[in-house]
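Heads up: the structure comes next, in structure tokens.
Read from first to last, the chains carry the letters A, B, C and D; within each, the first residue is number 1.
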Amino acid sequence: MSDLSLAQAQTILAAALEKATALQLSPLAVAVLDGRGALKAFASQDGTSLKRGEIALGKANGALALGTGSRSLFRRAKDQPFFIAAATAATGGSLVPVPGGVLIRDKDGKVMGVVGISGDTSDNDEACAVAGIAAAGLTSDPGQD
Amino acid sequence: MSDLSLAQAQTILAAALEKATALQLSPLAVAVLDGRGALKAFASQDGTSLKRGEIALGKANGALALGTGSRSLFRRAKDQPFFIAAATAATGGSLVPVPGGVLIRDKDGKVMGVVGISGDTSDNDEACAVAGIAAAGLTSDPGQD
Amino acid sequence: MSDLSLAQAQTILAAALEKATALQLSPLAVAVLDGRGALKAFASQDGTSLKRGEIALGKANGALALGTGSRSLFRRAKDQPFFIAAATAATGGSLVPVPGGVLIRDKDGKVMGVVGISGDTSDNDEACAVAGIAAAGLTSDPGQD
Amino acid sequence: MSDLSLAQAQTILAAALEKATALQLSPLAVAVLDGRGALKAFASQDGTSLKRGEIALGKANGALALGTGSRSLFRRAKDQPFFIAAATAATGGSLVPVPGGVLIRDKDGKVMGVVGISGDTSDNDEACAVAGIAAAGLTSDPGQD
């Protein structure tokens, strides 16, 4: 895989927060992880609740763990909640199956990392992740309904 | 945020227990946490079951983690049980999504802490938390149905 | 065993804090558990660090788990650190082997509960626990050097 | 306590990385947490090992948990390794007792948050944290030898 650089991760982070400001969203936590699942960049806006960051990380971890944007996990959670519960336990307990965990793909479609955002509605969280990834010239994979 | 003092936490605790006595409730466990999620004051009435305190703490932790009174988490648990299960795992395993976890807000609406009560019906648990917070001159946020 | 009542636990708590004020100690966290290991009463003074309460609970849990005041566990930790490490893991991870976890015994010597205090020197923490237990007319067992 | 803003946390982060560049250090992971222990800002430079960020977080968590810069925990770890092992278990498993976890204090000495850095020597990690905090006009508490 192509390595996600810190410069790219910071571009994604800044653009996601800019989008949130433009949309006048509630305070967000934004996590950008590389393809190994290691945190590259993170920001939590003023006013976020105590564990909001953990929810953002849970969206990112879940998407990366199963190789699909967390919107697909949301659909799966409604169809097969037992699978999501099992996968959560099997993968270490941090997998939040709602939209807002968006894979970052390179021009060949390879997974370079993931963005997880939480704080507003799941749809708005996801929109900020997509905007951030676009600003870095990379491809978003939010998963499918 | 404003710091929740031990004196305030003890006022909340005493008033919550007074309310429980007035309502002739079953024995309660009452936990008051500051805005960091650190326990400030706690009491468990005689006759409570072995882990009743952990249930009270779970209501408090869940409310603080997600920034909403646990009555809102109760509604979410009925609508999207998989989200609550995932958030429980992602935030460390202590999140009880029924009424009785009531945020303490200051006059500007900032979260100063949380009260979690368990032992009687969830509605009665919540009523005691609200009474305690009022006695300290602070604002309750029990969440919404 | 005799049950430790909430009234007794609150007497212990208040007297321990009074002793701390008299000695002008750093801010303390004080936990009083009954004989089952269930938390009965707790207070954390203003200015305690984020996890100070967990240290106090760890002293209390360790003393109760092994049936000896934590001063004995301190001695054991110096002699056989591997035993304390193993016991910590085996009993669930909360066992802090320094003075300040003091068993509460009734007049027949039976264990009714335990007090754990942290925040100042271990010796001062222990002195406050002993003062609290005495104020309730019960017997302290801080363990032996 | 005064709230640590995202703007302050980002200033600390940027200045810490600038210091690292000036000193030509190995790649660093830098974590800035608020007084609640919630992550505010994070960056991991290109080339860091898989769990370098967790080491940085462990320095930060340990310092905040016990209310002292992690240099003090380093000294304690050498004197009483069993205490550090016990505190690690009791506070949730993330406590790295070497220099580089530096408390952020406001002008009244209150703890506003903490910076944890890992990647180069502990002394260099700490120097970057101190430089970052100074750039935000705040006071560093690295702990004492």
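Here, a contact is a pair of C-beta atoms (placed from the backbone, for glycine too) under 8 Å apart; a residue touches a chain by one contact, two chains touch by 3 or more.
If you're wondering where the values come from, they're calculated on a predicted model, not measured in any experiment.
Participant: Quick check on the interfaces: C-D is repeated by which of B-C, A-B or B-D, going by over half of contact pairs matching?
Facilitator: When the contact pairs of C-D are compared with those in B-C, A-B or B-D, A-B matches.
Participant: What's the distance between the Cα centroids of chain A and chain B, rounded to whole Å?
Facilitator: Between these chains, centre-to-centre, one finds 30 Å.
Participant: Could you put a whole-Å number on the gap between the CA centroids of chain A and chain C?
Facilitator: Chain centres of chain A and chain C, defined by C-alpha means, are spaced 44 Å apart.
Participant: Please work out the Cα centroid separation of chain A and chain D, and write it as a whole number of Å.
Facilitator: 26
Participant: Could you check chain B for residues that touch two or more other chains and list them?
Facilitator: 3, 35-37, 92
Participant: Who touches whom among the chains?
Facilitator: Final set of chain pairs in contact is A-B, A-D, B-C, B-D, C-D.
Participant: In their complex, what parts of chain B are in touch with chain D?
Facilitator: 1, 3, 35-37, 92
Participant: Okay, in this complex, where on chain B does chain A touch?
Facilitator: Its residues touching chain A are 35-37, 64-68, 80-83, 85-87, 89-93, 111.
Participant: Which of the residues in chain A end up touching chain B in this complex?
Facilitator: Residues in contact with chain B: 48-52, 54-55, 57-58, 62, 77-78, 81, 84-85, 88-89, 93-98.
Participant: Could you pull out which chain C residues touch chain B in their complex?
Facilitator: On the chain C side, the touching residues are 3, 5-6, 9-10, 36, 38-46, 48, 50-53.
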